[in-house]
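Pasting the structures in now, so scroll down.
Shared chain: subunit A. Partners: subunit B in the first complex, subunit C in the second.
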Partner chain A sequence: MDITTLTSKRSLVWWSIVLIIFMLLAFVPLYAPGYPVVLLSSILMYVIMTVSWVMFSGPTGYMSLAPAAFFGVGIYTSAIIGKTLPFPIVVGIGGLASFCLALLVGALTLRLRGIYFAIFTFGLVMLIAHFLLFWELHVTGTRGRFVMVMGYNTIYFYMLGVFLLLLITAYLIRHSKYGLALLSIGQEEDAAAHTGVNVTMVKVITFAISAFFMGAAGSVMATKWTYIDPFIAFNINFSFMPVLMAIFGGMGQLYGPVIGATIFTYLEEFLITRFAELYMLIFGTILVVAILYLPDGLVGLIQRLWKRISERKHVDT
Partner chain B sequence: MSILEGKGVTKYFGGLAAVSNVDFNVEQGEAFGLIGPNGAGKTTLFNLISAALAPRSGTIRFKGRYITGLSPYRICRMGVARTFQIVKVFADMPVLNNVVLGAYFGMSPGMSSKDAVREATELLEFVGLSEVKEIPAKDLTLANQKRLEVARALATNPELLLLDEMMAGLNPTELAQAMELVARIRDKGITIIMIEHVMKAIMNVCERIMVLHHGAKIAEGTPQEIATSETVIKVYLGEKAHAGS
Partner chain C sequence: MILTILDVVIAGLLLGGIYALIAVGLSLQYGVARVLNISHGEFIMIGAFGTWMLYKMVGINPLITLAMCGPVIFLIGFFLHRTLFRSLLNSSASWDIFEGRSLLASFGLLFIIQNIAILTWGADIKAYSYLSYGVNLAGAVFPANRLVTLLFAVIISVAFYLFLACTRLGKAIRAAAQDPRTAGLMGVNINKVLALCFGFGALMAGFAGGLLSMCYPITATMGMEYTIIAIIVVVLGGLGSIVGSFIGGFLLGIIGSIVTYIEPGLALVAYYVIFTVLLLARPTGILGK
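Presenting the complex of A and B:
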């Protein structure tokens, strides 16, 4: 039973593995400073975006294209208050600002279902970007902002911290009764409501929690870019990438989006540096093949292989 | 003592009166039947009671408290559970988890996962689905999906259960089992309102029956009274000569 495994043996094994990986990751800046740390930071950023996205959109099936909005709010928070407040507080406020925006947007729009919700959230990103642009042009008379700069090691450690917090949160939600409620909403929302689930509340709160981590990631990442403007901060690619990475990795298990985003980001980086001209072509081909032949993402592939191996074992004995 | 009381309940879809000025009164512990031709407004009335829809006018009281205007989950947590005419099971979830959800979020929230699973297991035994509790709900037969809906509704620990065409599309064996199940639910002290086209079932199980036609109540009474009522025979049951053909 999924629900009762919070303290089971298997989850203990999983958490031991996670702990070891985190400890290894924490030592990376000592042994491999420079580029590996920068690369790992951007991998972590996409992993955070993808895992947060899957936290809400995975079980409920509500396809949110708002990640760029929440990410951007985090970036702007960092740009506005980064120089006056200590960094941990800035990251927290960046997350909270996104959380509040998601509460507001969620309460207004989570009645929309299917494609309408996707289009609205897409529009939200555009709306905020253009509103900020308007504001900067007509009210403050500036274009963009400078952000205080952090060392790449600092960025890396903050990303790692946000990721750990996210992983624990996502795990607890998934294995609580709210995880079950989210799944039931994705399958038969009306039936869930008539079975006592406060569907609006469950959806809005989860949407907001996922936005918190996107905002936090944005406010950390902003310090890498030194200068931002509305179209850098609210780049719609940050909405699409988590969706693609989640599909690539598979959403059935918590590790799916993690490995999906990791491989995806690494692949992108690798192709850009080695085959700059062919990069998009190769990338596109891999994506198409993955969608065609891996309907359940890498997780599905792993599970199929695992099944085949364990079945072979049975045949042998 | 009456557990559910409706006064002047009315619902329009555009210009069409789906439910029009209906009064009803369901007693604690009874099995109350709701019949009528297709489109008579039976399911709409269920939707109004369970708050899937809001009435245009009229009031509904559950155990003396007005429940019109509340949201579905609140109604459920007050003790009104329902099943659906077109089954709405959580298709990709294991059968057990379908029921566990009801135990988690129903009348007694704050239940531990251990208790919720135990309660769900007991209820699956009660409806006869113990052997299939690990498989996804979509792989069940229609009859079993309907029983699963009953188990899920019961898991919320209701005092009033709304059964919407639970017997439709079942074969004779399944029908007999379903009737027996309804009787056992009533023996637990749970009040039942059931919509049904299977006359054998409704006449055997229910103490009182209400007949709707074009959204209006045209008759109410014991099965005997309903079966012999001129109006009901004319609009719904049909002449004896046509009945068996």
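Presenting the complex of A and C:
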């Protein structure tokens, strides 16, 4: 059989599975209203953050610690213009604002070595939070803002929509010339540049696209919180969570981050209200253990086990 | 006017002493052991809480506590490298991969240490008063504990510099900083040297924490801010340059003091702007090659 028909047939199967899952998810508010919808919204939020983080940092190997910055920009956009404009436009602008910030940050720093980029993006979150706090205290004379409230079903459907859009984008990037360029940057950046890849441009654009979805997720999620201030919106944990979830789930496949994010959000919902310190302790421990013993994440582990089992079958027959 | 300038500069030096000490520690960990230790600030926090606890409960002089807490924190750092970072190093294909993975592992450590601290000591602000009377210095009044802090920070840094410059082990550390592979071929026990460097880095952080607790209120979440400052100073001074970190610490202290004098809320923002400009214009730092 021809290789291309095989892959297209396989991807067709995958897409129909994805479609069925989405159809099922779309009907959740009908047959299980209330808490399951709220929980699923949180899960979707982290899934969006993690998948968009992996979209850029996975293939290139540049570790971005800026998700909290983009997420926060989305939240603030929602808080500032949410009451005057229709919601879909607010979400779009929230994403675009993050997109623009990422373009700027990327153009400035993506020429740097990987480790400097990580440090820089890490500091960016703190910078924005401190600057906003200063601005609110001295210029506008306020502390924090109120955000318009949306029903939990609306939040859920918007999250689902953003996620679908993200999944299609991530898939298209992965299976295009563009995704190949990204992979080659991660493997050997100089070689990629010599073969004619416009290295900086590819990196900056992908970084900005991933930021778009984080910003959109932020502007949807803001309506759930009703009140925000700089340190709620630009909480540094939103930078670490996607990284951990991606490492734990495995970055080789698109569904790895989805699994990682789902497990951790459930754990968070379960523990954080009563044992917040314990949750963060578990979080840290799993991070260290995952880095030490799960180089390809949970999905990689399952794949390895699966391979071993199927090899044994071959031996038997 | 001149008095104000002097005032601001001395305040900057007092702040800079602590920054220098913290940065020298991180410089050892990143410059030599290649671990960009995001949990550096947590060792500062451990030092600070250890000092606070011994002073409040047993009444031990904080300056004596430095000598007691120091070895414990050194051992924690040493064994962390021996276990965690060693096995990371062994399973990483290159130094670049190791840098990324050890950065993430130190994030994990940050959460572990910080939350153990919150569970043990609580999340509220702690403080004690020690040597908190004023001393008149060239017309401006400074608290005595800040001056003692500066003195100790300088003594510790200079002593460590002499150790690096004059002893055999110091030579081995400098060799490992330049080229770990070649140093290993020349008979330096590289695993031991890297672990020692990580331990010494934690030791510096512990000392800094003990000194800090004399002057400022402490919380279990104080570490992050100092980690960021340490990273900025290390980049400012040049990666792997101990002297550069030392000078960079004082430089950043003075800049911070000037900005705080003009607008207190913007000190961290100013540090970050300096960091950005530096990364773009001269990523090797003031003393880097």
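Please note the rule applied: the second predicted complex is superposed on the first by the 281 of 317 C-alpha atoms of A that agree within 3 Å, B and C clash if a C-alpha of one lies under 4 Å from a C-alpha of the other, contacts with A are read in each partner's own complex, and residues count from 1 in each chain.
As a working rule, contacts are C-beta pairs under 8 Å (C-beta built on N, C-alpha and C of every residue); 3 or more make two chains touch, one makes a residue touch a chain.
Here the structure is a predicted model, which means the values were calculated and not measured.
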| item | value |
| --- | --- |
| Partner chain(s) touched by A:L112 [first = subunit B, second = subunit C, both, neither] | second |
| Which of subunit B and subunit C A:N198 touches, first, second, both or neither | first |
| Subunit B versus subunit C as contact partner of A:L104, first or second or both or neither | neither |
| First, second, both or neither for A:I20, with subunit B first and subunit C second | neither |
| Touched partner set for A:L180, first subunit B, second subunit C, both or neither | first |
| Which superposed partner A:D190 touches (first subunit B, second subunit C, both, neither) | first |
| Of subunit C and subunit B, partner touching more subunit A residues | C |
| Subunit B and subunit C contact sites that coincide on subunit A, given as residue numbers | none |
| Complex interface listing, subunit C residues touching subunit A | 36, 38, 84, 87-88, 91, 96, 99-101, 103-105, 107-112, 114-116, 118-119, 224, 228, 231-232, 235, 263, 265-266, 268-269, 272, 275-276, 279-280, 283 |
| Subunit B contact footprint on subunit A (complex, rising order) | 1-4, 6, 177, 180-181, 183-184, 187-188, 190-200 |
| Residues of subunit A that touch subunit C when the two form their complex | 61, 63, 108-109, 112-116, 118-120, 122-123, 126-127, 130-131, 133-134, 137-138, 236, 240, 243, 247, 277-278, 280-281, 283-288, 291-292, 295 |
| Partner subunit A, residues of subunit B touching it in the complex | 50, 52, 71-73, 75-77, 81-82, 84, 88-93, 96-97, 100-102, 104-107, 109, 113-114, 116-117, 152-153, 155-156 |
